[in-house]
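You will see two complexes here that share chain A, one where it goes with chain B and one where it goes with chain C.
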Partner chain A sequence: MAMERASTRLTPWLFLGLPLIIYLIWVIGPMFCTFYLSLTNWDGLSAPGFIRFRNYARLLQDPVFIISLKNNLRWILTFITVPVVSGLVLAMALNKSLPGDRFFKASFYAPMVLSLVVCGLIWSWMYHPENGLINSVFRKLGLESLTRGWLSDQHLVMWAVIAVAVWRQIGYVMVLYLAGLKNVDSWLVDASRVDGANSWQVFRHVIMPQLAPITVIVITISIIDSLRAFDLVSVMTRGGPYNSSSVLANFMYIEAFNNYKMGYGAAVSVILFLISLIFIGIYLRRVLRTEEA
Partner chain B sequence: MGKKILFLIGIVLLLTAVSASAGGKQEAAAAEKQIVIYNSYNGDPEPRRVDKELVQQFETANPAIDVVHSIVAHEDFKQAIRAYLTASTPPDVMTWFAGNRARFFIDKGLIMDISDVWESEGWNKSYPKGFRAMSSVGGKQYFVPNSYYWWAIYYRKSTYNKLGLEPPETGEEFWTICEKLKADDVTPITIGTKWRWTAAAWFDYLNMRVNGPEFHIDLMLGKERYDDARVKKMFADTWAPLVRKGYFIDNAASYTWQEAITFMSEGKAAMYLMGGFIRDSYPSEQVDDLDFFRFPVLDSAVPVGEDAPTDGYFIAANSQHPEAAKKLLSFFGSAEAQTYNATELKRLATNSEVDLSIYNAVQQKGIKMIQGADFVAQFYDRDTTPEMADEGMNGMMEFWDHPDRIDSILERLETVRKEVFTE
Partner chain C sequence: MMTARSFFRSPWKVVLFFVLVLLALLWLIPIITTVITSLRTNDDILSRGFWALPEQLVFSNFRTAWERGGLSKFLPNSFIITIPSLVLTLLFSSLSAYALARFRFRGNRLIYFLYVGGMMLPFQVLLLPVFRLTDFLGLYDTYWGLIAFHTAFQMGFCTFVLRNYMVTVPIQIFEAARIDGCNAFRIWWQIMMPLTIPALAAIATLEFTWIFNDYLLAIVLVRSEEHMPVTAGLASLQGQFIMDWTVIVSGALLAAIPTIIVFIFLQRYFIEGLTLGSSK
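Presenting the complex of A and B:
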C-alpha cells in the first residue's frame, strides 16, 4: 500500500523529469544568465566586469531606448485595434455561407503562411520609391503628390513597417474569430431575432458577449506579438533611418551583436522580458481558467 | 547472479571494443587527411566565385588537406566573428579587415602569432613596409593582407561626353559640373544609404579634404572632439549645401548601395562615390562606360588623404589545426594566389612580387591614385570603434534629412565619443 502511494507520487515527476531538465538548461538557465549579464559590461570577449545597475541607469537616458519603447507602444496600440476590428468584421462576413467564402478565407489567411522575412522582403519591393508597386500605381493614377520614400521618411517608416505586420495579422485574427463564432449559441441568436432585435443589436448584445473570452485571447496574443516584433524591422530597415523605426528587440540585437555591448543588450532584453511577463501572465491565467472550466 | 555478472562483463567488453575501433578510425582518417576550417565573408557573387576557386587550387596542390569552407554574408560575418573567436573549436582561418579592427583582437590574444610564416615565406621582404606594419604588433606578425581597393568618384563617361564635361580636380570644377548636370535634368550624385556606410564615405572624404587626414584620423581614434568647430564647419559649409541643392538622389535611405547603381546605369544620375568593387555590381554590358576620378581637392593647402580598405586573413589563436592553417595562409599570401585574386577581381594585390603588368589600365590608374596620396586611411567604420561608427552613421543619416540639426547631432556624437573612448 505504502509502496503504491510512493510510486503514484513519483511517476509524474519521472515523466516530467526530462522536459524539466531540458527546460532548466535551455530556458530558465539562460534567463538568469541574461539577468546576470545585464549587470556587467561584457563585450563578448573579455571577462565580464560587474557594474551593478549602471546599464539600466544609462538606458533611461538613451534616446534610442525611448524611441524604441515608443515604437513598441505604437505597435501594440495599432495591433490591438486595427487587426482585431478588421479580423472580426471579416469573420462576421465570411461566417455566412456565401459563394466562394472558402476562397476568401484562404486568401486572407495566406499571408500568415509566409514567414515574416519573406513578407518584409516583398513589401520592401512594394515600397521601393522608384519602381515599387505602391508609388508606381500612384504615378499611373496621376497622384504623383502621394508618392513617398516609404522606408526612408522618418515619420512614415514605422507605420510602413507596422502596416505589413497588420496585413499579416488580420487573417490570423479572422481565423481565431471564425473558430469563436462556431461556438456562438445559434439558439440565442434566433431567439433574439424572434424578439425583434436588428442585426446590430444581435451582434452587440448577443454575439459579442459570447466572443468575449476569444477577444481577450486575441488581444493578449496581439500584444505579445507586437512586443516580439523584430523580423520585419530587421529585414526592412534595421531600425533606420537613424533609429526612427527601432523597436526594443531590434535595439537589443544591434547593441549586443553589432556594437558588441552584450551587457547593455542584456539589460534591454530584461526590460523587454519584464514588460512581456505582465501580458503573458494575463494570457496564461485566462487560458488556465478556461481549461479548468 | 553469475549470469548477471557475465552479462555486465560482456557489455563492458563490447563498449570498449566499439570505442577502441571508433578511436582507431579517427586516427586513421587523420593520417589520411588533415582538415582546416576556413570561414570567409566574400558573399557577393564574383568574390565568392574567386574565393571558392582559390580553395580548389589549394586543395589540388595539397591533396592531403581538406578545406572545410563556409562563406558567410559580410554583415553576418562581422556579427559572428566574436563567437567564432571565443569558440573552443574556432574556424582556423578567417578573412578580416586590416588595421584597427584586427588590432583589437590581437590585443586580446585571439589571433595567432604567425611571424614564422612571414619568415619562412620571405614575406618580410616581399611585402611593402606599410603592409607589414599594418600586420604587426610589437614586432610580431599576426595578419596577412590580401588585397586592397580604392575609393573614388565613379562617373558615366557617356553623360560627361554628352555635356562636354571633364573629370574635375578641384572643388570649384566639381560644383560647376553638378550645376550643369542639374540643368540637364540629371541628378549629379546617386547614393544608397539604407545600410548607412555609403554616407560615411562622404564623411571621410569631406573631412579629409576640408580638415586634413591627420585631424580626421585623430577624430577616428577619439583624440579630437566631434563638436569641434572644424567638424561643424565641414558639415555646415561643405556637406549641407550639397544636400540642400539636391545634388544627391531623393529618398537615398530607401536604397541599398547596389539598388542605387540603377539610377546611374539608367542615366538618371551621373556620379557615385564608391569603392572599386562597384564594377562587380555594375551591369556588365555598361561597365566600360564607367570611369573614376580622385575625390576633388577642395583646399590645395590640405594634404590628400584617400580611403583604401585592406582585407586579409588570420589564424585564430586557439586553432585546432594550426599546421594545415599555416599552409593555407602561406598559399593565400603567395604571389601566385594574389595574382589570381587581383586579375579576377580587379583589386590590388599587397604582395610586391605580384607582377604589375597583370593590371589593366583601370587598376594602374587606381594604384597611381593611392600612391599619389599623402595619407591612406581604411574607412570610417574600420578606423574607429564599432559603437562610435554606429552612432556616427546614424548622425549622418539624420543630418541628411535635417541639415539644420548639425549642432544637436554633433553634441550627441561628442557624448558618445567620451563614453566610448574613456571606458
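Presenting the complex of A and C:
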C-alpha cells in the first residue's frame, strides 16, 4: 500500500481532528460509559449511585433475561443457516444470465429497502388471526386446522418474527454472494469441467473454497444483525405474549425506558456488547491480516 | 450472450426458470397484499373477508394516514433528519478516510480499528449514555440530537469503505499535484474527492435508507410528535388506529415511498454499497 510520510506531523490531524472528536464523543465514549452505568442504580432522573455488580447478579436470576438470551441464540442460529444457504442457492441460480434475471433479483432485494418497522406492520397484517392473508389462505383451502394465532401463541411467536427477518435477509446474502461469484476464477471452473467434474463437484471443490472469505463476512454480519434485533419485536409483539418473544435489545429498552431501571438496562447492553465483541474480534483479525498481506 | 430461445432448450433450465418465477412472486406477496389492502375500506375487509372482490377501490385510507395519522408531519421530519446526517457523515468520513489512506503516522491503524470496530457495534450498547448525553447537551427531543448521533455512528462504516477505496488510488497522481504546489486540502477536494465519487454515490444511497429507516434511536432521542421521523410516527399510528389495518398499512406504504424510489432509481448504487462494505 502506498502511503506517504506526512509533510508535517500535523497534516493528518488537520483532516482527522474534528471527525475523530465527534466519533469519540458520540460512539467510543458512550461505549465505556455503558460499563460504568451498568454498575449503578441510575433511574434516569437522580444521580447514579454505585452498586458494583448487583445488576449482573440480578440479571442471572431474571427469567426474562434468560428467555431473551435464548431468543437471541435462536435468532443467530436461524440467521447463520437459513438465509445463508438460501441466499447462496439463489445467487448460484441467478449468476448465469437468465431471461428475466433483473426481475428476479429485484423481487428478492425489495424487502431490504423497506424499514423494519414497515416490514413489521406488513407482516403483522399477514399474520392477523381473522383477516390476515395466511389464515385466510388456509381457510380458503379447507385447512382450518393449520390456522394459528401466529403472534399470540407463545411457542410460535418468536419463529413468526424471525421468519420476517429471514424474508428480509435472504436478498442481502444473495447480493453478497453474487458479488463473490464475480470474483470466482472461471478458468478454474472450466478446467475442472474439462477434467470431468460434475456440477456438484465443481461447486463443492472449486467454487465453494473461493467463496470462503465472503462466507466468513456473511456469517459475521448475520450474527451482528441478530444481536441488533429490536424493531420487528417492538412493532409486532413488544416481546409478548408473556415475554416469549423478548430479545436482549427489547428487554434492555423496556427495563431502561419503561421501568426506569437504566442501570439494569445498561448491564443488559454490556452483555450484548460482550457477545458481539467475540465476533467483532474475529472480524478485526481478518481485516488486520488483509492489511498485512 | 445467451438468447432466451437457446436457454429454454434445456429442460432443467425451464424448471429452474419457473421455480424462480414462483419464488419471486411468493417474495412479493406481502407487498402486493399490502397494496390491495390499502385500496379497500376496513368495513369491506371485515364484513366480506380477504378474498372477496372489493366493491370499490378507495384512496381514503392514504388520506386518513396522511392527515389524521400525522404522516404529513412525520415524513418531512424524516428528511429533515436524514439529509443533514447524510451530508455530514459523508463529509467527515471522507476527511478521516483521506488521512487514514494517505498518511503514515502513529495511531493510524488504531484509529482505523476504532472505526471498523464501531461499525460492527450493536448500537443498543450506546443507547443509554447517548440518551444522557443528548439530555446534557440540551439536544433531547430535537432534530439535532438524532442528526449528531447518526452522523457519528455512520462514520464507522463510511470511513471504512472510503478509506479502502482511497488506498487503491495510485500515489503518483498526488505527487504531481504536490509538485504543482497544491496544499493538502486542495488535493483532497480537487483530486481525491472527484476520484471517490463512485464509492460516495454507493454509500450515500445505502446510508440514506439506513438513516431514514432507523427506529430505535428515533423513539429514544425524540419524544414529541413534532420532531418524530416516520418510523417512530408509524408506531404511534399503529396505536391510534389499532383496529383499522387498512389505514395502518396505507401509512406503512406511504412511509416506504422514499426508499422505494431510491431503490427503483438507484438500485445499482445501493447494491454496490452493500458489496463495497463487504469487500474486505
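Going forward, the second predicted complex is superposed on the first by the 278 of 293 C-alpha atoms of A that agree within 3 Å, B and C clash if a C-alpha of one lies under 4 Å from a C-alpha of the other, contacts with A are read in each partner's own complex, and residues count from 1 in each chain.
FYI, a residue touches a chain if its C-beta (ideal position, glycine included) is under 8 Å from a C-beta of that chain, and two chains touch if they have at least 3 such contacts.
Since the model is a prediction, treat every value here as computed from it, not as a measurement.
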Touching partner for A:H128 - first (chain B), second (chain C), both, neither: both
Partner chain(s) touched by A:P241 [first = chain B, second = chain C, both, neither]: first
Touched partner set for A:V113, first chain B, second chain C, both or neither: second
Partner chain(s) touched by A:F257 [first = chain B, second = chain C, both, neither]: both
Which partner, chain B or chain C, touches more chain A residues: C
Doubly contacted residues of chain A, that is, touched by chain B and again by chain C: 128, 257
Of chain C, residues touching chain A in the complex: 1-2, 4, 7, 13, 16-17, 20-21, 23-25, 27-31, 33-34, 37, 45-46, 49-51, 92-93, 95-96, 98-105, 108-109, 111, 113-118, 120-130, 132-133, 148-149, 151-153, 155-156, 159, 167, 170-171, 174, 184-185, 188, 209, 212-216, 220, 231, 234-235, 238, 245, 248-249, 251-253, 255-256, 259-260, 262-263, 267, 270-271, 274-275, 278-280
Touch list for chain A against partner chain B, complex: 41, 44-46, 63, 127-130, 149-154, 237-238, 240-243, 254, 257-261
Chain B - residues contacting chain A, complex: 78-79, 82-83, 85-86, 105, 108, 110, 193-196, 250-255, 259, 262-263, 386-387, 390, 394-395, 397-398, 400-401, 412, 423
Contact footprint of chain C on chain A as seen in their complex: 1-7, 9, 11-16, 18-20, 22-23, 25-31, 33-34, 37, 90, 93-94, 96-100, 103-104, 106-111, 113-118, 121-123, 125-126, 128, 131-133, 136, 140, 167, 172, 175-176, 179, 214, 217-218, 220-221, 224, 227-228, 230-231, 234-235, 248-249, 252-253, 256-257, 262, 265-266, 269-270, 272-273, 276, 279-280, 283-284, 286-287, 290-291
